[in-house]
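In what follows, chain A forms one complex with chain B and a second complex with chain C.
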Partner chain A sequence: MAAENADVVARHRRVVRAGLGAWAVLIYAFLFVPIALLMLFSFNANRYGTFPITGWTLHWYEEALSNYQIQDAVQTSLQVALEVTMISTVVGTAAAFPLVRSRLPFRGGIRASLTLPILIPGLLIGVALLSYFTNLFNLQLSIQTAVIGQAVYATPFVILVVASRLEGFDRLLERAASDLGADTWKRLRYIVLPLIGPAVVAGALFAFTLSLDEFIITLFLIGGHNTLPIYIYTQVKFGITPEVNAVATMLIAASLSVSLLAFATPTLVRLARRRLATARPGTSAGRAA
Partner chain B sequence: MTSSAGQAEAVVRGAGAIRARPRAVLTSRLGEYAGFGPVLLLFGGFFFAPLVLIIAYSFWQVIDYNVVQNWTLDNYRYFLSVPTYVRTFIATLWMTALATVLTIGIAFPFAYWLTRYVSRSWQRPLLLLVIIPFWTSYLLRVASWITILGEGGVVNRTLEALGLIHQPLSFLLYNRWAVIFVLVYLYFPFAALTLFSALERFDWNQLKAAMDLGAPPLTAIWRIMLPQIRPGVITAVIFVFIPILGEYLTPQLVGGVDGVMIGNLVVNFFVGAQYTRGAAIALLITAIAVAMLILFRRSLVLEQVYGR
Partner chain C sequence: MIEPAGEPQSAGGAPETSSPRHTIELRGVSKRYRGTEALAPLDLEIRDGEFFCLLGPSGCGKTTTLNLIGGFVEATSGEIVIQGENVTNVPPHQRNVNTVFQSYALFPHLTVRDNVAFGLKMSRVPARESEVRTRDALELVRLTDYADYYPAQLSGGQQQRVAVARALVNRPAVLLLDEPLGALDLKLRKQLQVELARIHRDVGTTFVFVTHDQEEAMAMADRIAVMNSGRIEQVGTPEEIYARPSSRFVADFVGESNFFEVERRGDGTVVTAGGSPVPCSMGASSDWSRATLMVRPEAIRFAAHKGEHLCLEGEVLQSSFLGSFTRVAIACADTQAPVLATLPYGKRHRQELRVESTVSFTWDPEDAVVLDLQQA
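Moving on to the complex of A and B:
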């Protein structure tokens, strides 16, 4: 009887397991089919960007790469992303330190205020800054206004990434270095930076990809210029062209590379450091690793 | 632990006992807070100040395309007096709620499968695979569905080629259901990631114990597992619900005339220079978002999600 029961349970478990596995396969298909189709159609000679496939071509890539508007949009996107990355990384990293380490009154409230820009709909940041710049200060919208808007949005992510790394950071290490005579600079250089460096780099890459992809805030704040998402938006309003599919494919490839880099950086840094440490046997680092 | 940490640890051991430093003097206390300087400038000048302005706007008036500081509730009253706007508002609420429930409902079995039935070494790569679409362009992920569901899209072309239909199906796109469908697609990775982080910390033996004691599997999940992963579930709900509430692009691209959401109204008002009315509506959305955040503030686990 008991054995029979166990048998039923085991069979039941297998069914559940198979069912959930099938569910997962469906989900992966759901996630990747649209992206795969975009990529597929970018090589399709059919100029309506859909089935049937009438032949394979790189023509749309040539078109896209020689399109002046696209070149301009890419350049603007990169400029904005670089500026946003610099601002958010510096501001976010600086803020993470007192957030984690100081004896703060109202820590919860401060933490909430620092993450508020990503907790409320991005639409609000866009319209609020638009009114602020154009109506209150009579400023012309420009690349710089878009940079400011995006920096407000990207900074909380850097704060979160760096702060969570700092939280797992043993402060005794710094205190020990200080007891042994290391000044602030040396503590920063030899203790703090090696430990939080990967998080700062990951935060920076995070900010960079967020900026490249940001749409709604940019739409309100960039005025006459186009970032790549804004350009693509003006195009797809009238239907997707194969040219846009080609841009999409290149964009996906680019943002994937950056994101994978962001994901892999901490691991790569750790591996590189371990290799360095083992290359110098006899040092305390080598022994500790 | 990294090797430099190990290095410093060796140093600590060598140094012997660690004494607490004397109490910090006032200057160093101020120095501790110096890191907040830049963020105060950035957020104070370009986030909180504009926020105050937009709140003020919602109580002012636009006369001849200029914002005039006449304090009034007219913007809110106007919004509530136009049936189309109220309908859009209500539709936005149920669409957002439904999209959130569907996203979590689809993501939960997936996260359960990933933590329970997949070996540890495969969990990370498979999770990464889910996040990859999240990293590809948001705009393109929406637009790709036009290629699939549109009149000349993949679905219609395929059905035509198979001889199943002779006219393209038009109900696939440009209505509320298309919007909800694409929203679920957009926000699934976030829900999956958050639920995975929560389930990863769950002690599965408890579930086994409950079932050994005779609880049916679903009861065990509901009574034993859910209470423990509640913060993760709530975080997922909030971070799917709030951005969807303020969505503009998805209804704009795949919603057509019928799929309009409140975000589209806000943009239309601002484009039409009716800043104060737009501000009132934008704040209405934000008020709902903030209310949710306050209500569930204890359960939010941001670091778990972003801090890796």
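Moving on to the complex of A and C:
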């Protein structure tokens, strides 16, 4: 009786597990099949950028790379991304210090509100900044206004990453450095920055990828220029060309590799240090001999 | 070897305002944190080259005192003089003082060598000299082979020695040590006590050591300041503090002690609260009437025969053989806590001190320290 029961339970468990597995596969497919198809079509010789697959080619990549509009959009995208990265890394890192270390009243509230732009829809940020720039300051929309808009959105990510690293920072190290004769600047230069460095780099890479494929805020604020996402958008209005597929594939590859780098930076730094540490005692023994 | 810190590194400038025999002088230094007094105004002089220990329970102000000398805490009042220079308002990075922290605070991203060389780099010591001094410092703490390791790869004891080397390489006027052995296990702690004492002899720098462990203080210090609730209770050599404690707190904190509340009668006899006469060298002086007698356990002697002069009686509660000595606890009508006595190994047969047997005991008059003298 009991054994039979156990059998039933085991069978039931198997069915549930198989069901959950199938569900997981479905979700994965839902998330990734469209992207996979887009990548697939970018290598398809068929000039309508869809099934059937009539042959394999790199022609669309050639076409995309020699299209001066695309070249221009890539250049704009990179320029914007670099500027956004610089601004949000410096501002975000600087902001993380008082948020973690000061005894400001309402520190929790200040921190929450500073990281709020992550939750605010890009549409709102875009519209708000548009009216702020044009109505209030009579600014001409340009690459620079787009940079500011994206920085509003990207900075909180840097704050989050750097702040969480700073939380775990042993302040006694700074006291020790001070005891050994380091003034504020030297403490920052030799102790604090090297130790939070991986987090700052990770934050910068996040900002870079966020900027690279940011669309809504940029659309409102960039005026007559095109970043890559905006160029793609204007192209697909007239139907999806294989060329767009190729550009999108390259954009995905770039974003993915940068975000992977961002996630891997702390680990890579740690590994490199350990490697150095185990490699060097040998050399010192050589020196001593 | 690292040379003794002879002169301040800011040599020549500061006028000598005090006796050069004292490396550190605290004059009326106090500290309040938001209205509560962490340190009552205190005066303290620490001599050139001595191993000085601040001893006390947690919260007694010993770490605050150390932090005041190091410059990590600002004094509420008073002045701090290091090597004749008033440093009361000088920030830590400009003081000729280095610290070994309890948790070592080694820089995790730097090798042992770079950790040790950090202070020299900050004060722009030329590369060649820095290399030599770093090597000497590592030699001093016997870590030459670990120069290229990172702190995380070292044991606790090794990290502690790196911290000592990192501080001493700067040739400070004073080395401050904030419970540097607290995080280590007992055996290692004993080893490092010996090691630290050797390093102190080798470099001759003034050491100021903070601990709550009286045994550690006794083992290493030339002089000890016993602190309690923001005040210094007594300053003296370990022997002085053990043999002649100036207060009940000191007697209780340093070693074990028995206390007897006594009264002095008109005829000069000193009696316990229960009326039994006891030995006391202060019976002849007439300017007191009540006091507490402190007698160390090893000064308690058992009477050879009943009815010996000036003996107390009691019942043995426990007798524990502890190897080199036997410890006996005696319930005695004249004290509240049991009287503790220790007998060296082989001095007496254990059977004679069986539990529940009645014994009489006494002590030599000069072994009783008179505390808390009161007039009638």
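What we mean here is this: the second predicted complex is superposed on the first by the 259 of 289 C-alpha atoms of A that agree within 3 Å, B and C clash if a C-alpha of one lies under 4 Å from a C-alpha of the other, contacts with A are read in each partner's own complex, and residues count from 1 in each chain.
Operating definition for what follows: a contact is a pair of C-beta atoms (placed from the backbone, for glycine too) under 8 Å apart; a residue touches a chain by one contact, two chains touch by 3 or more.
Given the structure is predicted, the values throughout are model-derived calculations rather than measurements.
Chemist: Just to be sure I read the superposition right, which of the two partners does A:Ala10 touch: chain B = first, chain C = second, or both, or neither?
Modeler: Neither partner.
Chemist: Counting only touches as set out at the top, which of chain B and chain C does A:Gly181 meet: first, second, both, neither?
Modeler: second
Chemist: Could you say whether A:Leu82 touches chain B, chain C, both of them, or neither, answering first, second, both or neither?
Modeler: neither
Chemist: Under the stated touch criterion, which partner chain does A:Pro194 make contact with: chain B (first), chain C (second), both, or neither?
Modeler: A:Pro194 contacts both chain B and chain C.
Chemist: More residues of chain A are touched by which partner: chain B or chain C?
Modeler: B
Chemist: Output check: A:Phe215 vs chain B and chain C. Expected answer is one of first, second, both, neither. What do you get?
Modeler: In the superposition, A:Phe215 touches chain B alone.
Chemist: Using the touch definition from the top, say if A:Ala24 reaches chain B (first), chain C (second), both or neither.
Modeler: First partner only, chain B.
Chemist: Scan A:Val152 for contacts with chain B and chain C and give back first, second, both or neither.
Modeler: A:Val152 contacts chain B only, not chain C.
Chemist: According to the stated criteria, A:Leu268 is in contact with first (chain B), second (chain C), both, or neither; which is it?
Modeler: Neither chain B nor chain C is touched by A:Leu268.
Chemist: If you stack the two complexes on chain A, which partner ends up touching A:Leu139: first (chain B), second (chain C), both, or neither?
Modeler: Neither partner.
Chemist: Where on chain A do the contacts from chain B and from chain C line up?
Modeler: In the superposed arrangement, which is not itself an observed complex, chain A uses residues 170, 172-173, 175-180, 190-191, 194-195, 273, 277, 283-284, 288 for both chain B and chain C.
Chemist: In the complex of these two chains, what residues of chain A are touching chain C?
Modeler: 170, 172-173, 175-183, 186, 190-191, 194-195, 273, 277, 280-281, 283-284, 288
Chemist: Note which residues of chain B are touching chain A in the complex, please.
Modeler: 1-12, 15, 18-19, 21, 32-39, 42-43, 46-51, 53-54, 57, 67, 106, 109-110, 112-114, 116-117, 128-130, 132-133, 135-141, 143-148, 150, 152-154, 157-158, 161, 185, 188-189, 217, 242-243, 245-246, 248-249, 253, 263, 266-267, 270, 275, 278-279, 282-283, 285-286, 289-290, 293, 297, 302-303, 306-308
Chemist: So in the complex, which bits of chain C are touching chain A?
Modeler: It is residues 70, 72, 91-94, 97-99, 101, 103, 105-109, 111, 118-119, 121-123, 144-145, 147-150, 153, 166-167, 170 of chain C that touch chain A.
Chemist: Which positions of chain A touch chain B when the two form their complex?
Modeler: Per the touch definition, chain A meets chain B at residues 16-17, 20-21, 23-24, 27-28, 30-35, 37-38, 41, 48-52, 87, 90-92, 94-99, 101-103, 108, 112-117, 119-125, 127-132, 135-136, 148-149, 151-152, 155, 157, 159-161, 163-165, 167, 170, 172-173, 175-180, 190-191, 194-195, 209, 213, 215-216, 220, 229, 232-233, 236-237, 239-240, 244-245, 248, 251-252, 255-256, 259, 263, 270, 273-274, 277, 283-289.
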